[in-house]
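Notes follow once the structure below has been shown.
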Amino acid sequence: MSTIQSAAPPELSPARLVDVLRMMLRMREFDQRALELYREGVMRGTTHPYIGMEAVAAGVCAALRPGDRITSTHRGHGHCLAKGGDPRLMMAELLGRAAGYCKGKGGSMHIADVEAGILGANGIVGGGMGLATGAALASQLAGRDDVAVCFFGDGALNQGIFHEAANLAAIWRLPVVYVCENNQYAMSARADRFTSVPDPAVRAGAYGFPGTTCDGMDVLAVYAAAGRAIARARAGQGPSLVVCTTYRYLGHHVGDPLNYRDKAEVEAWRTKDPIERLRGQLLERRVLTAAETEAMQADVAAEIDEAVAFAKASPEPDPRTLAEDVYA
Amino acid sequence: MTEVVLPKLGLTQEEGTIVRWIKAEGSRVAKGEVLFEVLTDKATIEVEAPASGVLLRILVPEGATAPVATPIAVIGEPGERSERIARASAGVQAGRAPAAAPWPRIDPVSTASGDGRIRVSPRAKALAAARGVDLRRLRGSGPDGRIIERDVQRALEAAPAASAASSAGPASETGRPAVALQLRAIIARRMTESLQTTAQLTLTSEADMADAARLRDEAGAELERRGGVRPTYTDLVVRAAAIALRDHPRLNARWTDGRVRLLPDIHIGVAVSLEEGLVVPVVRHADRATLAEISAQVRDLSERARGFRLRPEELDGGTFTVTNLGMFGVDAFTPILNPPEAAILGVGRVRARPVAVGDRVEVRPVMALSLTFDHRVVDGAPAAQFLQRVTHVLEHPYLLLLP
Amino acid sequence: MSAVETHTRVLTYSEALNEALREEMRRDARVFVMGEDVAVWGGGGVFGVTKGLVEEFGPERVRDTPISEEAIAALAVGAAMAGARPVAEFMYADFMTLAMEPIVNQAAKIRYMFGGKARVPVVFRAQEGAGRGNAAQHSQSLEAWFCHIPGLKVVTPSTPADAKGLLVSAIRDDNPVVFLEHKLLYNTKGPVPAGEHTVPLGVAACRREGRHVTVVGIHTTVLKALEAADRLAAEGIELEVIDPRTLVPLDLAAILASVRKTGRLIVTHEAYERCGIGAEIIAQVVADAFDALDAPPVRLCGANVPVPYAASLEAAALPQADDIAAAARQLMA
C-alpha cells in the first residue's frame, strides 16, 4: 500500500459535518423506504440496498466540487444522493413514473443527472470504469481541472475494463479517482477468495499509481483518503485507487438468500455503523444535541415521506413516449 | 430423378390441359399410382406416375396447357436439384443459356401448391386485377410456371376486349373453368371439321315404341330385382343399332385415305351431355353385349364422364354413335357426324301420337330416329335400309334380347 | 474542364476520410481522435486515414492507445458524456467484439435510459471486409450486429465523396455512430467536392438507373453490382443499383420506389447471409411493397462460413459480380 502524497483535504467544519450526517441519514432512509416500496409491490425489478455503506459515498462526495463528475453502480442510490440528487425525482424513477429522473425509462440502476455530474448508475459491473476515465480525459483535453470519480465494488476489480482503464489513466495521467467499495462480497463471491491479492489496493501499484485502503465505516477517514486522491487528480498528477473497506448489512439485492454469510458477521459489522459513529462523534463534540439528532432523523424521514408521496402521485409514462429519446 | 412428360393419349393429340394434380408437391408417389388428370381433345384422362419417389416439382399447374411430350413434373428424392429442369422447361427464351445456380444454397423442400392454386407473382396478380385479366386463362412463363407480369402484359396486348369478357361465365359455377373452355374449343373444332370435310345428310323415320316400352318396363323390373338397372330408351337404341350394324357393315366404316374402310368390330359411342360440353364414351363390342350389359355400361360411362374420370380407351375407337335428345322434348334433329365415323343415330322423344293402324286411328307411342350418314362412305339406299332395320328391331323388341 | 476542377477533386477514400477529420477538428476543438496506431504509424493510421493529423493537432487530440478495445470504446463514451466529441478508431471491425459492452450497453442506451437527458456524440470508426487473404478474424463485416441495437446509427460509405460527407455528418451528429469503412475501398478514387461537403445520414444514393432489377449493395458489392450492370446492359438487362449509404436509419423509401419500378430485388452484401442486413431489408420490402414484386427477393451474401484464407475459397465465400449477373438473368428468364 502506498500513500497518496497530496495534501490532506481541509477539515470539515461543524456545519458541513452536520450536512454529512444528514446526508447519511437520508441515504439510509431512502434505501429503507425503497425496500418497503418493493415489498409493497409498488416497485418493479429489484433494488440493491446501500445500507451500511453510507460513509463511502458521503465521505467521497464531501470532497468533490459541483463541477466534478461521478459514475455509480447498480447499488447507486447513495452515490446519487450524495452528489446532490433529488430524492423525489429518484423515488419517482424507482416507481417508473414520467416525473422521474429518467422519465421512467431507466429505473433504479440507471438513475442519472448528467448536468449535476452524475453520469449514471450502471447495470454492468465495471460499466462506469471506462466512462469515468473518459470523462477525466475530456476534462484534461478541455484544460479543465474537474475530476472524475468512479465508484465500483470489489467484484469489478476483476473485470477486464478495470485493468484497461487503469492502464490508460496511468499512461495519460488522467484526473480520475477509482473508489473501490470493498464490501467483501460480490454477490456470494468473497473478495478474499476471488481476488488474487489479499489487499486490492496493491493493484494500483501494478499500474504505477498510488493505492490506499481506508476504513469505509468511518466517514471522516473516507473523506481524508478520498480528499487526497481528488487533490492529486486535480493537480494533474494522475489517478489513484482508494479502497474503502465496508459492509452491506443486507443482501446483494432483494431476495438474496444470504446463505453465504453468517449472522454473527453481520452483527459484528453493525457495531461499526457509520451513522452511529458520526452521530456519536458530533454529540461528543457537542456539535449537536441528542434532541437535534432526533429532530434531524425526523426531518429526513419527512423528506423521504414527501419524496414517496410525490412519486406515488406522479403519473406513469404515456406509452406513446416509448420511441422517444432513442436518438438525439 | 425422373421427368414426368405429358403423354400422347390419342393419335391426333398435340397438347393437353392439366385438370387436376392428384398428388401434391412434396408428397410420395408410387409408380402406377394415379398422379394427375389431363384433358385431351376427347375428354379427361387419369395418368399414372411413371416412377416412384417424391413429387419434387410440378412444372405445369392445374388449368395450364402443355404440348405432348414436354416435362410437366419431376419425381425424385428430396434434396435432388430440380432447378435446372424447371428453368429449362418453364420458358427460358431461346438463345439464352440457362444460368447455373449462382449460390450454393441449402435448399429447403419446397412447400406449395399442387393444391389447385394458381402460381402468380403479386405484381402480376395486382396488374391482372386492375385490368380485368383472368389469370386462369394464362400460362405462366416464370419459374415453375408462375404467371409473372409479362404474361399479363402479353395477354393485355393480345386481346384486351376478350380478356374483359372472359372474366365471368358459366364455367365458374362448375369450378372447372379451364376444362370447360378447353372442351368447348375441342367441340367447336371437331364439329366444324365434320361439317366441312364430310358429305353428310340425315334420314328420319319413326318407330312405334309400344312393345319396346312394355319390354323396357318388364325387363327393367326383372333387372332391378336382380340388382341391375332399368334400361333406358337410349340403351334399347344402342342395342338395336349394334344388331343392325351386323347386317349393315357399311354404316360401321370410315373414310380413310380416299377410300372406305369397313371396321371389324362394333363399338358404339353414347353421347353424354355435361355442363361443360359433349363427351362420347364408347360401349365396346356392343353387338356382343346383352341389353343388361349395355345398360350397365352406359350408366357407368355416363357417371364417370360427368366426374371426368374416363380412361383414354373409353373415349377412343368408336365406330358409330347414338345421341338422344328426346329427354329435352326434341322430336327429330340432324345430328352431326362424330368424325371419323360414317354414321350417327339421333333419338327423339317418345310421344303419344295419333297413328293410322290399318284403317283406324290409334294413339301410339312414337319415337323419331334421325340417321346422319357420310355419303362418301355409303349411299342413301343402304343407309335407309339400315335405318329400317333399326326401326324394325325396336318395334319387335324381343330381338333385342337375342344374342 | 477547369470549372469542374475548382469544384471537385479526385481523392482516394482514405484521403477523403482524412480530410473530413481534419476539417472537423479544425472547426470544433472538442473533436479528437483516438485508437491504436492512429498517430505515429506510417504517418498516421494503418490505412493512412489519420495521416498527418498529429502534426497539426498534437498528440493530445490525436491519441495513440494501447491495445485496449473495450477501454477505447468506454473512454470515448465517457468523454462524450463529459463534453468532448471523440472519434474512436478500431483497427479492424473484428476487434469491436471486445468493445461490445460499452458500445451496446452504454453508448447506445445512455440517452434513452436517462430519459433523453444525456447525449453521447461519439463516432466509432472501423474497417470491414474480405478479399485480401486476411482470413477469418480480420475480414468480417459485422454491420448487422450494430444495426440490431436501438440507439446506434450505422453508416457504410462506398465512395470517397460519401466517405467524407458522411464522416462529417457523423461527427456532427449527437448520437453514437458506428462508421464502417471497407479495407478494399481505401485506395479507390473518386470525385470529392471541395469546401464544405456533407452527406446526410439516412439518405440512399441511386448509383445507376435501370428498369429491370433493383440491386441493393453495401461497400464493395455496390461496385460489383455496377460491374454486373455494365455486362448485362449489353444483354438488354438493366440493373438499378441502390447504395443505402446509411443502414440505420435506412432510406427504405428509396428502395421501395425502385422495387415498385422494377418488381425484382437482389440484396447483396459481404456479411454472412444468415441474419445479415439483407434479411432486414427484404423483410421490410415484402411488408411494404408485396404487390409490387414480380419474383421473390434474392440475397447474394457472404457464405455462412468463417472467411477462408485461400484465394479460391475466399472468392467462393463472397458474392461476385458474376453472381449478381447470373441472379439477374435468372430473374429475367
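A few comments on the model shown:
Residue numbering begins at 1 within each chain, and the chains themselves are lettered A, B and C in the order written.
Just so we're on the same page, a residue touches a chain if its C-beta (ideal position, glycine included) is under 8 Å from a C-beta of that chain, and two chains touch if they have at least 3 such contacts.
The structure displayed is predicted, hence computed values, not measured ones.
Highest inter-chain contact count (C-beta pairs) belongs to A-C.
Relative to the centroid of every protein C-alpha atom shown, the closest chain centre, again from C-alpha atoms, is found for C. Centres computed as Cα averages put subunit A at a distance of 41 Å from subunit C. Distance from the subunit A centre to the subunit B centre is 92 Å, each centre being the mean of its Cα atoms.
Averaged C-alpha coordinates put the centre of subunit B at 65 Å from the centre of subunit C. Counting partner chains per residue, subunit C shows two or more touched chains at no residue at all. Subunit C contributes residues 263, 290-295, 300, 303, 319, 322-323, 326-327, 329-330, 333 to its touches with subunit B in the complex. Looking at the complex, you find that subunit B touches subunit C at residues 87, 91-93, 96, 98-100, 102-104, 121-126, 142-143, 148-149. By the touch criterion stated above, subunit A contacts subunit C in their complex at residues 69, 71, 100-106, 110, 112-115, 119-120, 122-124, 127, 129-142, 148, 160-161, 164-165, 167-168, 171-172, 324-328.
Contact residues of subunit C toward subunit A in the complex are 30, 32, 60-61, 63, 65-66, 68, 70-71, 73-84, 86, 101-102, 105-106, 110-119, 121, 150-151, 153, 173-175.
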